[in-house]
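The letters A, B, C and D name the chains in turn, as written, and every chain counts its residues from 1.
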Amino acid sequence: MAESARYPLRVAYHETDAMGVVHHSNHIKYFEEARVDFLRNKNLMSQHHPDGPLVFAVVELWTKYFKTARFDEELEVWTQARLNGLRIEFQYALFSRRTKTFIAQGTTQLIALGADLKPKRLPTEFTDAFASEGWDEVWPPKI
Amino acid sequence: MAESARYPLRVAYHETDAMGVVHHSNHIKYFEEARVDFLRNKNLMSQHHPDGPLVFAVVELWTKYFKTARFDEELEVWTQARLNGLRIEFQYALFSRRTKTFIAQGTTQLIALGADLKPKRLPTEFTDAFASEGWDEVWPPKI
Amino acid sequence: MAESARYPLRVAYHETDAMGVVHHSNHIKYFEEARVDFLRNKNLMSQHHPDGPLVFAVVELWTKYFKTARFDEELEVWTQARLNGLRIEFQYALFSRRTKTFIAQGTTQLIALGADLKPKRLPTEFTDAFASEGWDEVWPPKI
Amino acid sequence: MAESARYPLRVAYHETDAMGVVHHSNHIKYFEEARVDFLRNKNLMSQHHPDGPLVFAVVELWTKYFKTARFDEELEVWTQARLNGLRIEFQYALFSRRTKTFIAQGTTQLIALGADLKPKRLPTEFTDAFASEGWDEVWPPKI
(Lines give C-alpha, C1' and ligand atoms only; values in the text may rest on other atoms or scores of the structure.)
Protein backbone atom coordinates (compact mmCIF):
# COMPACT_ATOMS: atom_id res chain seq x y z
CA MET A 1 0.00 0.00 0.00
CA ALA A 2 1.36 3.40 -0.98
CA GLU A 3 2.49 5.72 1.83
CA SER A 4 0.26 8.41 0.34
CA ALA A 5 -2.79 6.46 1.46
CA ARG A 6 -2.04 6.99 5.15
CA TYR A 7 -3.49 10.18 6.53
CA PRO A 8 -2.10 11.17 9.96
CA LEU A 9 -4.08 13.07 12.56
CA ARG A 10 -4.14 13.78 16.26
CA VAL A 11 -7.29 13.65 18.38
CA ALA A 12 -8.38 17.22 19.22
CA TYR A 13 -9.92 18.06 22.57
CA HIS A 14 -13.11 19.25 20.88
CA GLU A 15 -13.51 15.79 19.33
CA THR A 16 -13.79 14.01 22.69
CA ASP A 17 -17.04 13.44 24.58
CA ALA A 18 -18.10 12.91 28.21
CA MET A 19 -16.92 9.28 28.00
CA GLY A 20 -13.40 10.73 27.60
CA VAL A 21 -12.95 9.33 24.09
CA VAL A 22 -13.46 10.44 20.48
CA HIS A 23 -17.16 10.79 19.76
CA HIS A 24 -18.28 8.28 17.12
CA SER A 25 -19.48 11.04 14.74
CA ASN A 26 -15.91 12.30 14.39
CA HIS A 27 -14.74 9.10 12.71
CA ILE A 28 -16.96 10.16 9.80
CA LYS A 29 -15.07 13.46 9.66
CA TYR A 30 -11.69 11.70 9.83
CA PHE A 31 -12.73 9.47 6.91
CA GLU A 32 -13.74 12.54 4.89
CA GLU A 33 -10.41 14.26 5.56
CA ALA A 34 -8.56 11.09 4.49
CA ARG A 35 -10.70 10.83 1.36
CA VAL A 36 -9.89 14.42 0.37
CA ASP A 37 -6.21 13.77 1.06
CA PHE A 38 -6.37 10.63 -1.10
CA LEU A 39 -7.88 12.58 -4.01
CA ARG A 40 -5.39 15.42 -3.56
CA ASN A 41 -2.50 12.95 -3.83
CA LYS A 42 -3.96 11.78 -7.16
CA ASN A 43 -4.36 15.35 -8.43
CA LEU A 44 -8.12 14.93 -8.56
CA MET A 45 -9.01 17.86 -6.32
CA SER A 46 -9.74 20.31 -9.14
CA GLN A 47 -12.76 18.11 -9.78
CA HIS A 48 -13.82 18.12 -6.15
CA HIS A 49 -13.82 21.83 -5.40
CA PRO A 50 -17.08 23.67 -4.75
CA ASP A 51 -16.13 25.88 -7.70
CA GLY A 52 -15.44 22.81 -9.85
CA PRO A 53 -17.89 21.09 -12.18
CA LEU A 54 -18.72 18.29 -9.74
CA VAL A 55 -19.46 17.69 -6.09
CA PHE A 56 -19.29 14.29 -4.44
CA ALA A 57 -22.15 13.12 -2.28
CA VAL A 58 -21.94 10.30 0.24
CA VAL A 59 -24.87 8.00 -0.46
CA GLU A 60 -24.03 5.24 2.01
CA LEU A 61 -21.65 4.73 4.91
CA TRP A 62 -20.85 1.99 7.37
CA THR A 63 -18.53 2.07 10.37
CA LYS A 64 -17.42 -0.50 12.93
CA TYR A 65 -15.80 0.62 16.18
CA PHE A 66 -13.36 -1.78 17.89
CA LYS A 67 -11.57 0.41 20.40
CA THR A 68 -11.68 3.96 21.73
CA ALA A 69 -9.16 6.76 21.13
CA ARG A 70 -8.27 9.47 23.63
CA PHE A 71 -7.35 13.15 23.50
CA ASP A 72 -4.03 13.85 21.76
CA GLU A 73 -3.68 10.25 20.54
CA GLU A 74 -1.93 9.95 17.17
CA LEU A 75 -3.97 8.10 14.57
CA GLU A 76 -3.71 7.27 10.89
CA VAL A 77 -6.50 6.68 8.42
CA TRP A 78 -5.48 4.01 5.91
CA THR A 79 -7.54 4.33 2.75
CA GLN A 80 -8.20 2.37 -0.42
CA ALA A 81 -10.69 3.15 -3.20
CA ARG A 82 -12.18 1.61 -6.31
CA LEU A 83 -14.82 2.45 -8.89
CA ASN A 84 -18.08 0.53 -8.86
CA GLY A 85 -20.27 1.67 -11.78
CA LEU A 86 -21.20 5.29 -11.09
CA ARG A 87 -20.02 4.96 -7.51
CA ILE A 88 -16.63 5.43 -5.87
CA GLU A 89 -16.16 3.07 -2.95
CA PHE A 90 -13.73 4.11 -0.23
CA GLN A 91 -12.59 1.77 2.51
CA TYR A 92 -10.91 3.09 5.67
CA ALA A 93 -9.07 1.57 8.60
CA LEU A 94 -8.26 3.76 11.61
CA PHE A 95 -4.87 2.88 13.09
CA SER A 96 -3.55 3.93 16.50
CA ARG A 97 0.18 4.68 16.57
CA ARG A 98 0.08 4.22 20.35
CA THR A 99 -1.32 0.67 20.43
CA LYS A 100 -0.23 -0.34 16.89
CA THR A 101 -3.70 -1.71 16.23
CA PHE A 102 -6.72 -0.75 14.17
CA ILE A 103 -9.42 0.80 16.31
CA ALA A 104 -12.16 1.23 13.68
CA GLN A 105 -12.96 0.59 10.06
CA GLY A 106 -15.48 1.97 7.60
CA THR A 107 -16.69 2.37 4.05
CA THR A 108 -18.36 5.16 2.11
CA GLN A 109 -20.06 5.07 -1.27
CA LEU A 110 -19.96 8.33 -3.22
CA ILE A 111 -21.51 9.57 -6.43
CA ALA A 112 -20.61 12.60 -8.52
CA LEU A 113 -23.25 15.33 -8.85
CA GLY A 114 -23.36 18.30 -11.20
CA ALA A 115 -24.29 21.83 -10.15
CA ASP A 116 -27.95 20.75 -10.52
CA LEU A 117 -27.35 18.03 -7.85
CA LYS A 118 -28.12 15.35 -10.49
CA PRO A 119 -25.81 12.27 -10.76
CA LYS A 120 -23.08 12.57 -13.40
CA ARG A 121 -20.61 10.20 -15.03
CA LEU A 122 -17.15 10.28 -13.49
CA PRO A 123 -14.70 12.25 -15.68
CA THR A 124 -11.91 10.33 -17.44
CA GLU A 125 -9.34 11.82 -15.01
CA PHE A 126 -11.06 9.72 -12.37
CA THR A 127 -11.47 6.52 -14.30
CA ASP A 128 -7.85 6.75 -15.50
CA ALA A 129 -6.52 7.46 -12.01
CA PHE A 130 -8.40 4.52 -10.51
CA ALA A 131 -7.65 2.05 -13.33
CA SER A 132 -4.23 1.15 -11.90
CA GLU A 133 -5.27 1.38 -8.23
CA GLY A 134 -4.78 -1.73 -6.10
CA TRP A 135 -7.50 -3.17 -3.86
CA ASP A 136 -6.85 -5.25 -0.78
CA GLU A 137 -9.59 -7.88 -0.29
CA VAL A 138 -8.49 -8.39 3.32
CA TRP A 139 -9.43 -5.25 5.24
CA PRO A 140 -8.21 -3.89 7.58
CA PRO A 141 -4.91 -5.05 6.07
CA LYS A 142 -2.70 -7.51 7.97
CA ILE A 143 -0.03 -5.68 9.99
CA MET B 1 -45.77 3.46 15.91
CA ALA B 2 -45.99 5.54 19.10
CA GLU B 3 -45.82 9.34 18.72
CA SER B 4 -43.02 9.35 21.32
CA ALA B 5 -40.74 7.69 18.80
CA ARG B 6 -40.69 10.72 16.52
CA TYR B 7 -38.03 13.25 17.40
CA PRO B 8 -38.51 16.65 15.72
CA LEU B 9 -35.62 18.92 14.77
CA ARG B 10 -34.80 21.83 12.51
CA VAL B 11 -31.64 22.00 10.41
CA ALA B 12 -29.23 24.54 12.00
CA TYR B 13 -27.06 26.76 9.85
CA HIS B 14 -23.91 25.30 11.44
CA GLU B 15 -24.99 21.84 10.24
CA THR B 16 -24.90 22.78 6.55
CA ASP B 17 -21.83 22.49 4.31
CA ALA B 18 -20.53 24.15 1.14
CA MET B 19 -22.94 22.04 -0.94
CA GLY B 20 -25.72 23.98 0.81
CA VAL B 21 -27.14 20.90 2.54
CA VAL B 22 -26.80 19.08 5.87
CA HIS B 23 -23.33 17.53 6.10
CA HIS B 24 -23.56 13.72 6.26
CA SER B 25 -21.82 13.55 9.66
CA ASN B 26 -24.72 15.43 11.26
CA HIS B 27 -27.16 12.62 10.54
CA ILE B 28 -25.14 10.62 13.08
CA LYS B 29 -25.74 13.38 15.64
CA TYR B 30 -29.46 13.52 14.81
CA PHE B 31 -29.69 9.75 15.36
CA GLU B 32 -27.98 10.10 18.73
CA GLU B 33 -30.35 12.85 19.84
CA ALA B 34 -33.33 10.71 18.79
CA ARG B 35 -31.89 7.70 20.65
CA VAL B 36 -31.50 9.72 23.86
CA ASP B 37 -35.04 11.05 23.44
CA PHE B 38 -36.31 7.48 22.94
CA LEU B 39 -34.63 6.32 26.16
CA ARG B 40 -35.88 9.40 28.04
CA ASN B 41 -39.46 8.59 27.03
CA LYS B 42 -38.99 5.09 28.49
CA ASN B 43 -37.53 6.49 31.74
CA LEU B 44 -34.22 4.78 31.03
CA MET B 45 -32.04 7.90 31.19
CA SER B 46 -30.89 7.40 34.78
CA GLN B 47 -28.97 4.46 33.37
CA HIS B 48 -27.49 6.50 30.55
CA HIS B 49 -26.07 9.46 32.45
CA PRO B 50 -22.30 9.95 32.70
CA ASP B 51 -22.80 9.80 36.48
CA GLY B 52 -24.82 6.59 36.15
CA PRO B 53 -23.50 3.03 36.38
CA LEU B 54 -23.37 2.50 32.61
CA VAL B 55 -22.40 4.25 29.42
CA PHE B 56 -23.52 3.14 25.99
CA ALA B 57 -21.00 2.76 23.21
CA VAL B 58 -21.83 2.65 19.51
CA VAL B 59 -20.03 -0.40 18.10
CA GLU B 60 -21.45 -0.29 14.59
CA LEU B 61 -23.42 2.11 12.46
CA TRP B 62 -24.80 2.21 8.95
CA THR B 63 -26.48 5.07 7.10
CA LYS B 64 -28.05 5.45 3.69
CA TYR B 65 -28.70 8.90 2.25
CA PHE B 66 -31.56 9.30 -0.25
CA LYS B 67 -32.08 13.05 -0.41
CA THR B 68 -30.54 16.24 0.93
CA ALA B 69 -31.97 18.60 3.58
CA ARG B 70 -31.49 22.36 3.66
CA PHE B 71 -31.05 25.04 6.30
CA ASP B 72 -34.13 25.53 8.51
CA GLU B 73 -35.90 22.47 7.08
CA GLU B 74 -38.08 20.67 9.62
CA LEU B 75 -37.21 17.00 10.01
CA GLU B 76 -38.26 14.11 12.23
CA VAL B 77 -36.23 11.10 13.28
CA TRP B 78 -38.47 8.04 13.51
CA THR B 79 -36.89 5.43 15.76
CA GLN B 80 -37.42 1.80 16.72
CA ALA B 81 -35.25 -0.38 18.93
CA ARG B 82 -34.84 -4.01 20.02
CA LEU B 83 -32.47 -6.07 22.11
CA ASN B 84 -30.14 -8.46 20.35
CA GLY B 85 -28.11 -10.40 22.96
CA LEU B 86 -25.86 -7.89 24.70
CA ARG B 87 -26.58 -5.32 21.99
CA ILE B 88 -29.31 -2.73 21.57
CA GLU B 89 -30.18 -2.21 17.94
CA PHE B 90 -31.68 1.14 16.95
CA GLN B 91 -33.18 1.78 13.56
CA TYR B 92 -33.81 5.33 12.33
CA ALA B 93 -35.64 6.94 9.42
CA LEU B 94 -35.19 10.65 8.75
CA PHE B 95 -38.42 12.25 7.56
CA SER B 96 -38.79 15.67 5.93
CA ARG B 97 -41.97 17.52 6.88
CA ARG B 98 -41.51 19.66 3.77
CA THR B 99 -41.47 16.88 1.18
CA LYS B 100 -43.34 14.26 3.28
CA THR B 101 -40.70 11.69 2.37
CA PHE B 102 -37.85 9.89 4.10
CA ILE B 103 -34.51 11.36 3.16
CA ALA B 104 -32.18 8.95 5.01
CA GLN B 105 -32.19 5.83 7.15
CA GLY B 106 -29.71 4.25 9.50
CA THR B 107 -28.97 1.76 12.24
CA THR B 108 -26.69 1.74 15.26
CA GLN B 109 -25.64 -1.16 17.46
CA LEU B 110 -24.83 -0.24 21.04
CA ILE B 111 -23.43 -2.09 24.02
CA ALA B 112 -23.46 -1.14 27.69
CA LEU B 113 -20.10 -0.46 29.36
CA GLY B 114 -19.27 -0.10 33.04
CA ALA B 115 -17.02 2.63 34.45
CA ASP B 116 -14.07 0.38 33.50
CA LEU B 117 -15.22 0.54 29.82
CA LYS B 118 -15.83 -3.28 29.89
CA PRO B 119 -19.09 -4.66 28.40
CA LYS B 120 -21.87 -5.24 30.94
CA ARG B 121 -25.22 -7.02 30.93
CA LEU B 122 -28.19 -4.73 30.34
CA PRO B 123 -30.06 -4.00 33.59
CA THR B 124 -33.57 -5.46 34.00
CA GLU B 125 -35.09 -1.97 33.56
CA PHE B 126 -33.85 -2.23 29.99
CA THR B 127 -34.89 -5.77 29.23
CA ASP B 128 -38.32 -5.12 30.78
CA ALA B 129 -38.81 -1.88 28.87
CA PHE B 130 -37.91 -3.50 25.56
CA ALA B 131 -39.88 -6.73 26.12
CA SER B 132 -43.14 -5.18 24.96
CA GLU B 133 -41.60 -2.97 22.25
CA GLY B 134 -42.85 -3.47 18.69
CA TRP B 135 -40.52 -3.89 15.71
CA ASP B 136 -41.42 -3.01 12.16
CA GLU B 137 -39.76 -5.40 9.68
CA VAL B 138 -40.44 -2.97 6.83
CA TRP B 139 -38.21 0.05 7.35
CA PRO B 140 -38.51 2.95 6.70
CA PRO B 141 -42.18 2.35 7.49
CA LYS B 142 -44.81 2.76 4.76
CA ILE B 143 -46.37 6.23 4.87
CA MET C 1 -38.72 40.57 27.76
CA ALA C 2 -40.95 38.73 25.29
CA GLU C 3 -41.28 34.96 25.72
CA SER C 4 -40.31 34.55 22.04
CA ALA C 5 -36.78 35.64 22.88
CA ARG C 6 -36.08 32.51 24.96
CA TYR C 7 -34.81 29.60 22.93
CA PRO C 8 -34.93 26.27 24.78
CA LEU C 9 -32.45 23.46 24.17
CA ARG C 10 -31.11 20.35 25.81
CA VAL C 11 -27.40 19.49 25.91
CA ALA C 12 -26.72 16.65 23.44
CA TYR C 13 -24.18 13.96 24.22
CA HIS C 14 -22.14 14.90 21.13
CA GLU C 15 -21.77 18.44 22.54
CA THR C 16 -19.92 17.29 25.67
CA ASP C 17 -16.14 16.90 25.93
CA ALA C 18 -13.68 14.87 28.01
CA MET C 19 -14.22 17.27 30.94
CA GLY C 20 -17.80 15.96 31.03
CA VAL C 21 -19.32 19.34 30.15
CA VAL C 22 -20.46 21.24 27.04
CA HIS C 23 -17.43 22.15 24.94
CA HIS C 24 -17.01 25.93 24.73
CA SER C 25 -17.33 25.97 20.92
CA ASN C 26 -20.93 24.73 21.20
CA HIS C 27 -22.07 27.91 22.95
CA ILE C 28 -21.37 29.64 19.63
CA LYS C 29 -23.72 27.17 17.93
CA TYR C 30 -26.38 27.66 20.61
CA PHE C 31 -26.19 31.42 20.06
CA GLU C 32 -26.61 30.95 16.32
CA GLU C 33 -29.66 28.74 16.78
CA ALA C 34 -31.19 31.33 19.14
CA ARG C 35 -30.43 34.10 16.64
CA VAL C 36 -32.16 32.23 13.82
CA ASP C 37 -35.12 31.54 16.12
CA PHE C 38 -35.26 35.24 17.02
CA LEU C 39 -35.37 36.25 13.34
CA ARG C 40 -37.93 33.56 12.56
CA ASN C 41 -40.23 34.93 15.26
CA LYS C 42 -39.98 38.36 13.60
CA ASN C 43 -40.75 36.90 10.15
CA LEU C 44 -37.32 37.94 8.91
CA MET C 45 -36.17 34.50 7.80
CA SER C 46 -37.03 34.97 4.13
CA GLN C 47 -34.15 37.43 4.14
CA HIS C 48 -31.80 35.01 5.83
CA HIS C 49 -32.17 31.95 3.63
CA PRO C 50 -29.27 30.80 1.46
CA ASP C 51 -31.63 31.24 -1.50
CA GLY C 52 -32.55 34.74 -0.32
CA PRO C 53 -30.94 38.02 -1.37
CA LEU C 54 -28.75 38.33 1.73
CA VAL C 55 -26.57 36.26 4.00
CA PHE C 56 -25.49 37.37 7.46
CA ALA C 57 -21.86 37.13 8.44
CA VAL C 58 -20.59 37.20 12.01
CA VAL C 59 -17.80 39.80 12.10
CA GLU C 60 -17.14 39.76 15.83
CA LEU C 61 -18.08 37.63 18.81
CA TRP C 62 -17.38 37.61 22.51
CA THR C 63 -18.31 35.01 25.12
CA LYS C 64 -17.88 34.73 28.87
CA TYR C 65 -18.30 31.39 30.61
CA PHE C 66 -19.42 31.38 34.27
CA LYS C 67 -20.43 27.78 34.86
CA THR C 68 -20.45 24.45 33.07
CA ALA C 69 -23.45 22.53 31.70
CA ARG C 70 -23.76 18.76 31.58
CA PHE C 71 -25.28 16.19 29.25
CA ASP C 72 -29.09 16.37 29.02
CA GLU C 73 -29.24 19.62 31.01
CA GLU C 74 -32.08 21.92 29.93
CA LEU C 75 -30.91 25.38 28.94
CA GLU C 76 -32.43 28.53 27.47
CA VAL C 77 -30.76 31.16 25.34
CA TRP C 78 -32.18 34.61 26.19
CA THR C 79 -31.60 37.00 23.30
CA GLN C 80 -31.89 40.70 22.58
CA ALA C 81 -30.84 42.57 19.44
CA ARG C 82 -30.43 46.10 18.12
CA LEU C 83 -29.20 47.83 15.00
CA ASN C 84 -25.91 49.66 15.11
CA GLY C 85 -25.24 51.33 11.75
CA LEU C 86 -24.76 48.55 9.20
CA ARG C 87 -24.40 46.02 12.00
CA ILE C 88 -26.90 43.95 13.95
CA GLU C 89 -25.78 43.39 17.51
CA PHE C 90 -27.11 40.33 19.32
CA GLN C 91 -26.67 39.78 23.02
CA TYR C 92 -27.20 36.35 24.58
CA ALA C 93 -27.48 34.96 28.10
CA LEU C 94 -27.42 31.19 28.61
CA PHE C 95 -29.76 30.14 31.43
CA SER C 96 -29.83 26.77 33.18
CA ARG C 97 -33.30 25.56 34.15
CA ARG C 98 -31.66 23.22 36.66
CA THR C 99 -29.75 25.81 38.68
CA LYS C 100 -31.94 28.82 37.75
CA THR C 101 -28.80 30.83 36.99
CA PHE C 102 -27.04 32.16 33.92
CA ILE C 103 -24.03 30.06 33.01
CA ALA C 104 -22.65 32.13 30.10
CA GLN C 105 -23.22 35.30 28.14
CA GLY C 106 -22.12 36.53 24.75
CA THR C 107 -22.49 38.98 21.90
CA THR C 108 -22.21 38.75 18.13
CA GLN C 109 -21.97 41.54 15.57
CA LEU C 110 -23.37 40.66 12.15
CA ILE C 111 -23.44 42.38 8.80
CA ALA C 112 -25.57 41.65 5.74
CA LEU C 113 -23.79 40.48 2.59
CA GLY C 114 -25.11 40.17 -0.93
CA ALA C 115 -24.50 37.17 -3.19
CA ASP C 116 -21.15 38.79 -4.07
CA LEU C 117 -20.17 38.64 -0.33
CA LYS C 118 -20.01 42.48 -0.26
CA PRO C 119 -21.69 44.38 2.64
CA LYS C 120 -25.23 45.58 1.94
CA ARG C 121 -27.67 47.93 3.65
CA LEU C 122 -30.23 46.19 5.83
CA PRO C 123 -33.64 45.99 4.11
CA THR C 124 -36.51 48.06 5.55
CA GLU C 125 -38.17 44.87 6.89
CA PHE C 126 -35.19 44.73 9.26
CA THR C 127 -35.01 48.35 10.28
CA ASP C 128 -38.80 48.41 10.81
CA ALA C 129 -38.78 45.21 12.86
CA PHE C 130 -35.98 46.46 15.09
CA ALA C 131 -37.33 50.02 15.49
CA SER C 132 -39.70 49.01 18.30
CA GLU C 133 -37.40 46.42 19.87
CA GLY C 134 -36.45 46.94 23.51
CA TRP C 135 -32.88 46.80 24.78
CA ASP C 136 -31.91 45.90 28.31
CA GLU C 137 -28.78 47.80 29.40
CA VAL C 138 -28.29 45.40 32.31
CA TRP C 139 -27.27 42.06 30.85
CA PRO C 140 -27.70 39.24 31.72
CA PRO C 141 -31.04 40.54 32.95
CA LYS C 142 -31.85 40.45 36.67
CA ILE C 143 -33.84 37.32 37.61
CA MET D 1 8.27 34.84 16.85
CA ALA D 2 9.32 31.21 17.11
CA GLU D 3 8.35 28.89 14.25
CA SER D 4 6.81 26.53 16.82
CA ALA D 5 4.05 29.06 17.42
CA ARG D 6 2.61 28.60 13.94
CA TYR D 7 0.11 25.81 13.70
CA PRO D 8 -0.72 24.78 10.11
CA LEU D 9 -4.09 23.39 9.06
CA ARG D 10 -6.20 22.90 6.00
CA VAL D 11 -9.92 23.70 5.85
CA ALA D 12 -11.91 20.45 5.91
CA TYR D 13 -15.10 20.07 3.93
CA HIS D 14 -17.08 19.37 7.11
CA GLU D 15 -15.96 22.78 8.45
CA THR D 16 -17.65 24.75 5.65
CA ASP D 17 -21.25 26.00 5.74
CA ALA D 18 -23.94 26.89 3.21
CA MET D 19 -22.19 30.23 2.56
CA GLY D 20 -19.32 28.15 1.10
CA VAL D 21 -16.85 29.26 3.78
CA VAL D 22 -15.56 28.08 7.17
CA HIS D 23 -18.33 28.37 9.76
CA HIS D 24 -17.40 30.89 12.47
CA SER D 25 -17.62 28.28 15.27
CA ASN D 26 -14.71 26.38 13.72
CA HIS D 27 -12.28 29.23 14.37
CA ILE D 28 -12.78 28.43 18.07
CA LYS D 29 -11.72 24.83 17.36
CA TYR D 30 -8.71 25.98 15.33
CA PHE D 31 -7.62 28.19 18.23
CA GLU D 32 -7.93 25.25 20.63
CA GLU D 33 -5.83 23.01 18.40
CA ALA D 34 -3.17 25.73 18.16
CA ARG D 35 -3.22 26.19 21.95
CA VAL D 36 -2.68 22.47 22.53
CA ASP D 37 0.12 22.48 19.96
CA PHE D 38 1.70 25.48 21.71
CA LEU D 39 1.63 23.68 25.08
CA ARG D 40 2.94 20.47 23.51
CA ASN D 41 5.93 22.36 22.10
CA LYS D 42 6.68 23.61 25.62
CA ASN D 43 6.38 20.09 27.08
CA LEU D 44 3.41 21.17 29.17
CA MET D 45 0.97 18.57 27.89
CA SER D 46 1.38 16.13 30.80
CA GLN D 47 -0.39 18.82 32.84
CA HIS D 48 -3.18 19.17 30.31
CA HIS D 49 -4.25 15.55 29.87
CA PRO D 50 -7.66 14.37 31.12
CA ASP D 51 -5.70 11.86 33.24
CA GLY D 52 -3.45 14.64 34.56
CA PRO D 53 -3.95 16.69 37.72
CA LEU D 54 -5.41 19.72 35.94
CA VAL D 55 -7.83 20.63 33.21
CA PHE D 56 -7.93 24.04 31.57
CA ALA D 57 -11.23 25.83 31.18
CA VAL D 58 -11.88 28.67 28.78
CA VAL D 59 -13.54 31.45 30.82
CA GLU D 60 -13.63 34.12 28.14
CA LEU D 61 -13.09 34.35 24.39
CA TRP D 62 -13.23 37.02 21.74
CA THR D 63 -12.92 36.70 17.98
CA LYS D 64 -12.89 39.13 15.10
CA TYR D 65 -13.45 37.92 11.55
CA PHE D 66 -11.91 39.93 8.69
CA LYS D 67 -12.15 37.58 5.73
CA THR D 68 -13.58 34.19 4.85
CA ALA D 69 -11.68 30.95 4.15
CA ARG D 70 -12.75 28.28 1.71
CA PHE D 71 -12.58 24.48 1.51
CA ASP D 72 -9.04 23.10 1.27
CA GLU D 73 -7.45 26.51 1.93
CA GLU D 74 -4.16 26.31 3.84
CA LEU D 75 -4.16 28.36 7.03
CA GLU D 76 -1.84 28.94 9.97
CA VAL D 77 -2.75 29.88 13.52
CA TRP D 78 -0.10 32.20 14.96
CA THR D 79 -0.17 32.08 18.75
CA GLN D 80 1.30 33.96 21.69
CA ALA D 81 0.57 33.50 25.39
CA ARG D 82 1.26 35.12 28.75
CA LEU D 83 0.28 34.62 32.37
CA ASN D 84 -2.11 37.09 33.96
CA GLY D 85 -2.62 36.22 37.64
CA LEU D 86 -4.39 32.86 37.75
CA ARG D 87 -5.23 33.15 34.06
CA ILE D 88 -3.37 32.18 30.90
CA GLU D 89 -4.09 34.57 28.08
CA PHE D 90 -3.69 33.27 24.53
CA GLN D 91 -3.78 35.49 21.50
CA TYR D 92 -4.30 34.08 18.00
CA ALA D 93 -4.05 35.37 14.45
CA LEU D 94 -5.36 33.24 11.59
CA PHE D 95 -3.19 33.56 8.49
CA SER D 96 -4.08 32.47 4.96
CA ARG D 97 -1.17 31.06 2.96
CA ARG D 98 -3.17 31.75 -0.21
CA THR D 99 -3.73 35.47 0.28
CA LYS D 100 -0.75 36.08 2.66
CA THR D 101 -3.04 38.03 4.97
CA PHE D 102 -4.62 37.53 8.37
CA ILE D 103 -8.29 36.60 8.08
CA ALA D 104 -9.24 36.54 11.78
CA GLN D 105 -7.87 37.13 15.23
CA GLY D 106 -8.91 36.10 18.72
CA THR D 107 -8.10 35.72 22.38
CA THR D 108 -8.97 33.17 25.05
CA GLN D 109 -8.57 33.41 28.82
CA LEU D 110 -8.05 30.08 30.57
CA ILE D 111 -7.87 28.97 34.17
CA ALA D 112 -6.58 25.71 35.63
CA LEU D 113 -9.09 23.49 37.43
CA GLY D 114 -8.48 20.48 39.65
CA ALA D 115 -10.44 17.23 39.42
CA ASP D 116 -13.08 18.93 41.62
CA LEU D 117 -13.50 21.62 38.90
CA LYS D 118 -12.26 24.27 41.40
CA PRO D 119 -9.63 26.85 40.25
CA LYS D 120 -6.02 25.93 41.06
CA ARG D 121 -2.70 27.73 41.02
CA LEU D 122 -0.66 27.10 37.88
CA PRO D 123 2.17 24.61 38.55
CA THR D 124 5.77 25.90 38.47
CA GLU D 125 6.36 24.10 35.14
CA PHE D 126 3.90 26.62 33.71
CA THR D 127 5.17 29.75 35.40
CA ASP D 128 8.76 28.79 34.50
CA ALA D 129 7.90 28.05 30.87
CA PHE D 130 6.08 31.35 30.45
CA ALA D 131 8.64 33.48 32.31
CA SER D 132 10.86 33.82 29.23
CA GLU D 133 8.03 33.99 26.70
CA GLY D 134 7.88 37.07 24.47
CA TRP D 135 4.70 39.09 23.94
CA ASP D 136 3.98 41.17 20.88
CA GLU D 137 1.92 44.27 21.77
CA VAL D 138 1.02 44.76 18.11
CA TRP D 139 -1.33 41.96 17.13
CA PRO D 140 -1.80 40.51 14.58
CA PRO D 141 1.93 41.00 14.04
CA LYS D 142 3.18 43.09 11.12
CA ILE D 143 4.02 40.92 8.10
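We take it that contacts are C-beta pairs under 8 Å (C-beta built on N, C-alpha and C of every residue); 3 or more make two chains touch, one makes a residue touch a chain.
This structure is a prediction, so every number in the text was calculated from the model and none was measured.
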Counterpart interface for A-B, drawn from A-D, C-D or B-C and sharing over half of its contact pairs
C-D
Pair of chains joined by more contacts [C-beta pairs], C-D or B-D
C-D
Chain centres from averaged Cα atoms put chain A and chain D apart, in whole Å, by 28
Between chain B and chain D, what is the separation of their C-alpha centroids in Å?
35
Which integer distance in Å separates the CA centroid of chain C from that of chain D?
24
If I count partner chains per residue in chain D, which residues reach a count of at least 2?
13-14, 16, 18, 20, 25, 29, 32, 50, 70-71
If we count contacts the way the header does, which residues on chain A are in touch with chain B in the complex?
18-19, 24-26, 28-29, 32, 50, 55, 57-65, 68, 117
Show me the residue ranges of chain C that touch chain A in the complex, using the header's touch definition.
13-14, 16-18, 20-21, 23, 25, 70-71
Would you pull the chain C residues touching chain B in the complex into a rising list?
12-14, 16, 20, 29, 32-33, 36, 40, 45, 49-50, 70-72
